[in-house]
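Each of the two complexes below includes chain A, the first together with chain B, the second together with chain C.
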Partner chain A sequence: METLNRRAAFRLAGLSALGAALAACAPDAAGGGAPKGDAAARTFGFTSWSLNEEAQKAAVQAIVDAYAAKGGVKIDTASFPYNEYLNQVTLKLRGGQLSGAVQLDISWLAALAAMGRLKDLGAQAAKGGYTDVALSSGRFQGRQLGLPWTTGSIGLVANTEILKKAGVEGMPATVEEFEDALRKVAKLGGGITPYAAATKAAQLKDILPWMRTFGSPLLEGDTITVGDDASVAAVEWYKKLYDAKLIAPDVDRFDARALFAQGKAAFYDDAIITRGVVAAQSPDKSLTGKMAPLARPVLKAGDTPQALLWGHVIVVVEGEGSDAAADFASYATSDTATVAAFFEKVKLPPTTTAGLADPKVAGDTFTTEWTEKITKTATPNPFWRYAGYAQIETAIAEQVQAVLVGQSSAKDALAKAAETAKPLQK
Partner chain B sequence: MTATLSRSVPIARAPRRRRPRSRAAAWAAVAVIGFFGLAPIYWLVVTAFTPDERAFTFPPSLVPTEITFDHFARLAQNEQLFGYLVNSVVVSVVTAFLSVLVSAYMAYAFSKFRYRGRKSLMHLVLASQLFPQALLLVTLYAVFSASGLLGSYGALILSFTTFTLPLCVWMLKGIFDTVPSTLMEAAAIDGASRWRTLHQIALPLAAPGLVAAGLFAFVRAWNDFIFALTLTDPDRQTLPPGLVHTYLGEFQTAWPDLMAASFVVSLPVIAAFMFLQRYLVGGLTAGAVKG
Partner chain C sequence: MNRRLTDGQFAWLLMVPGLALFLAIIAYPLVSALVTGFFEQSLVRPGRAFVGLANYADLLGGDFWPVLRNTLVFTLGATIAPFVIGYALALALNAGLPGWLRGVFLFPWVIPGVVVSFLWLWIFNANYGVLNGLLGTHVSWLGDPTTAMIAVIVTKTWASFPWMMVMLLAGLQTMPKELHEAASVDGAGAIRRFRSVTVPHMRAIAGIAFLLEFIWNFQHFDTIYVLTGGGPAGATKTFAVAVYDTAFKGFDLGHATALGGLWMLLLLVLMAFYLRKENA
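So, the complex of A and B:
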């Protein structure tokens, strides 16, 4: 019998380890895309960034606990920071590590839906009593893949005290009136930025509703219209505000909030949560009483004010516990007592007709005004249908910034943006 | 001898005074670099002691007008952060230990033995540093997922050790190169085994290098964000993702609390550096010049 010397034994052990490692890395027989586990299982996961956010975690945990007690199920919760959430959820869904219900920003739906692992929640949507605009935020290619949890919009907020001091009477309704108001505010001096509009590339996607205001659809069918006359006019107008110091350089959403909270900005763009966020940063405890939402000014009277739809949906991953997870998603988003209590704690508007009519919600003037003036005509970003929407937005934002700093003309820059964005439409 | 002495005369001359202009330039360079190095730390400390509503004052005040300890009080009450701290300590200490252990043997083998493929292996180890580590995340995720390690301390420790090994190995190889081979030969003549020669002669002589390698591995593990976030379960995450998770939200960032937490969690690392700095400097430079 032949004996192994030490070197041969090492070689054999090394080859064995390599083989074991390769075997471990190989995909399983079921295939990466097939749903795994028992859909009827009474244990499922719930992944949500809100579960770890100071302002919301108690309210979200209360919903989880209430449903677990009511339904006799076990819910395993997980959370990732908002800024890393999409990457983490995508990686885990691809690796088969994600199951159950998952909170999503509405702009992320396409990216996850493209992986083909989300359950169709049409049946739950049909009986939930959701508003049409809310339901649209969870729809992808005709399928209801998400149940809307909160639906709002990104719109303009004004500091009425500054406007009053500047002699601006009433809220500006047209672009011309808006520009006049900004010029009046500028005359106040004191370091006040009339409009704390986004001018940093990371947030310059805020210009898209202005492009729509000027008449550009942004996307027609699958043709990007950024670069048309309307979008060029919008960017030239933005540049005019920038040169006249009516908007300030290097501002993103966080800067704008800080400026507004310090009483150093008359207008800025934000979501409906602006009230709570700004109040927390402001030394002026009466600031929230001076805040007023306004419909985005239109190019000419009679046009529809533009606003960007914003909100959260809950999706369900096919497989382990997906039936109970779908029922949980329905409960969290459409049970009237639950959504009203959630609103009371976190001020995120519900998505059902009954929820919006609940006295706790309807009695909140700021929310009802916001819904009426801004959310009512809000529409999703047309680029959200593409998994690469963020890169498309970045391509446009970078070119708009080039215009602002004088490196390019609006026409050339937007033509280049459209060219860059074209291959990202997938 | 005479010639040697006569040549040494210019060397013995009194050193020329540096010109005031070059001295001023040197100080200006130090001031600029010092400003960029220290200003963020100053701002971190100031913000940590500034009340929330004052932290966003525009224009910002360089000197705090009000001081609060509220953020530190809230930090002390946050049990979750203590959990992140424990995770950081466990992962960083084990990573440092494993890195030193493995790299010491590898470096010794590279330095003191001659065998076929040695140089290729050494360059292969170094080449692994050329890949952006973020690119390896997806692969490592799949490997750990398939092996059942995903979510555990083991996944983090193994990945961090993998990343720190190349630099540790090369650092320690340089140090072992400076240990005279005659010492090993003398030990062998005296009857010491290779094992004993390594552990009782080479390793004690390379102690500063081992400490430097350990500190490097510790800091690498302590500071990592993306691997710590992705490869572990939330209850095993370390401080960097833990702090982000706790203070950076969808709508707002609790900057003063985040700065207070960052200030406190950096103290153990500062203390470790102060305690071990003489080893660190000695270890990093020991292999630089061969005697």
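So, the complex of A and C:
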């Protein structure tokens, strides 16, 4: 009897300890906390998706190696594929597993900034000689949290050889001319996709500039206008292209690049990085000479061509090695010899006045043409101001995909997308 | 006062390391997740707000049912198909098919799931895929809601029929040959012997193998995520993909953990079936 009572007491004590332990380790939602580690440490991390991409890996690694040798520091590199990058970086930052410098797409800055762990790089920005547009891409709520590495745009690029074969004369300037060009290319056959537009949800955010082309502002003040007549018309047009096989199913950016590089697509959307990527993938070594950027066709002559501002910034996580990491970020993005050499290898335009004026950059026809035709009128995605912007884009992308596969009408789908997106505007 | 530990106390003492591990890697995440389901909580924003059952109400009024339907379709398809194929191959191997074929059939099972998925991603690609090349078609296998789920099930079946085959073959090899010989003497044909001798003998192991595969498929993630990411238009979005997307793409921990809670409840029902079957 005595043993039984003691056992019961023992169990009770064990269970109490278990309960106390669970209560003590119940989730803490703070997600913040003071920076960890020695900011002056000479070892820091550099996380970059470019280190995972064949076309850029060597060029980025060269910058890392050069700075490590010059500064007497040790840089631990890490990389994730672009499509998983934001997710991985967010989780690591939240878990306190991310330190040092981090490459970011400019669209991700708000999400990372919301976590409150990024170092203010105002001092580095002030002495870097960056252009105003470039600096603005790294600014969040008045603080300079990122140093701009490259600033450009996402626009349309064409294979002029295919267009010539199809009898398309000159670059299409209006949506009607564009559609006409696509139909001519389609007649060529041979498995050529006229326009390798994004049709997978992961990249269907590419439809947003088309919605703007048709006249939707996407966001007015804080009111989402996706679902208005203009955006519905844009999606119906996209669906028309899909049904007519002028755009292909099951395509994301990587598929589009592969198709274009194989000479199997006449048009596709990409950033200026396209030339380096296509050159690395294509069996046709003369293909880059046949590539031409074009302003996104407009609904009616006189409209402003739409393009999405695009770029990379380098941010620095407060804590271990953050001082050296900030200096590295400054070196990688503003040292003129470094940015000009980087441009020469991967064709990503620099962000400093001196870098842009370097003969290697200024003398590059493709870059100047791209800047003139696409970047000149590029604007940021209005949803980027929200930390949940990716979720908003996903909500829209999934509904557009539902339209493409015939599960919903454009009107219903976009109304649903707007309804889903509304609570995400935080 | 030289007291000795009772058997019960000693037993508890032995359990301490296991309990500590249990607390650290099972209890903590579980309690953490269940608690979070009652909060509006973001992965990227500090702070959270108690919302009671609102997350559960949102889910039950919206995404839960299509996700449940997709999960059940995938789970049933990806369990029945490998079961049938595995059973047929196990019978053939047991009946005298060359033993080296066992190794050949095991091949898909030893390849990592993500690699299998990328292999089939290439096969099913609409624009430069092997399948369309062989058939001379231009079907968007992964981009069409009607074929995407079938493609995902085919991939998972290819990866998991070997396990089913091995389990069932092991069961068949424990069956006394005398039973079949006696049935033959009594005039039973092959089909009758299968129905009256093989099936009853295999019922227990086949049931366990089927249930285990069902439970694993109910939680399966990598094949679906790599092939379709839950698309097109949510046509292959199962619980695993939906929870991942909600938490790590939408950064919405509250809804993700609430969905995880509902998913876990359903899994507990399956576990109860399994435990009953194992104890039977």
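The rule we apply is simple: the second predicted complex is superposed on the first by the 314 of 426 C-alpha atoms of A that agree within 3 Å, B and C clash if a C-alpha of one lies under 4 Å from a C-alpha of the other, contacts with A are read in each partner's own complex, and residues count from 1 in each chain.
Note that a residue touches a chain if its C-beta (ideal position, glycine included) is under 8 Å from a C-beta of that chain, and two chains touch if they have at least 3 such contacts.
Quantities reported herein were computed from a predicted structural model and do not represent experimental measurements.
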item	value
Partner chain(s) touched by A:A69 [first = chain B, second = chain C, both, neither]	neither
A:A301 touches, of chain B and chain C: first, second, both or neither?	neither
Which of chain B and chain C A:Q391 touches, first, second, both or neither	second
First, second, both or neither for A:D250, with chain B first and chain C second	second
First, second, both or neither for A:K426, with chain B first and chain C second	second
Contacts of A:Q401 with chain B and chain C, given as first, second, both or neither	second
Chain A residues touched by each partner, larger count belonging to chain B or chain C	C
Touched partner set for A:L91, first chain B, second chain C, both or neither	both
Touching partner for A:A258 - first (chain B), second (chain C), both, neither	both
Residues of chain A that lie at the interface with chain B and also at the interface with chain C	21, 25-26, 91, 191, 258-259, 262, 264
List of chain A residues in touch with chain C within their complex	3, 6-7, 10-11, 14, 18, 21-22, 25-27, 29-32, 87, 90-91, 94, 111-112, 114-116, 191, 193, 199-202, 245, 248-251, 255, 258-259, 262, 264, 387-388, 390-391, 394, 398-399, 401-402, 404-405, 407-408, 424, 426
Chain B to chain A touching residues, read off their complex	52-59, 138, 141-143, 145-147, 150, 226, 229-230, 233-234, 241, 244-246, 248-254
Chain C residues within the chain A interface of the complex	6, 8-9, 12, 19, 23, 27-28, 31-32, 35-36, 39, 41-48, 125-128, 138, 140-145, 229, 231-235, 245, 248-252
In the complex with chain B, residue positions of chain A that touch it	21, 24-26, 49-50, 52-55, 78-84, 88, 91, 95-97, 191, 254, 257-259, 261-262, 264, 271, 273, 276-277, 280-283
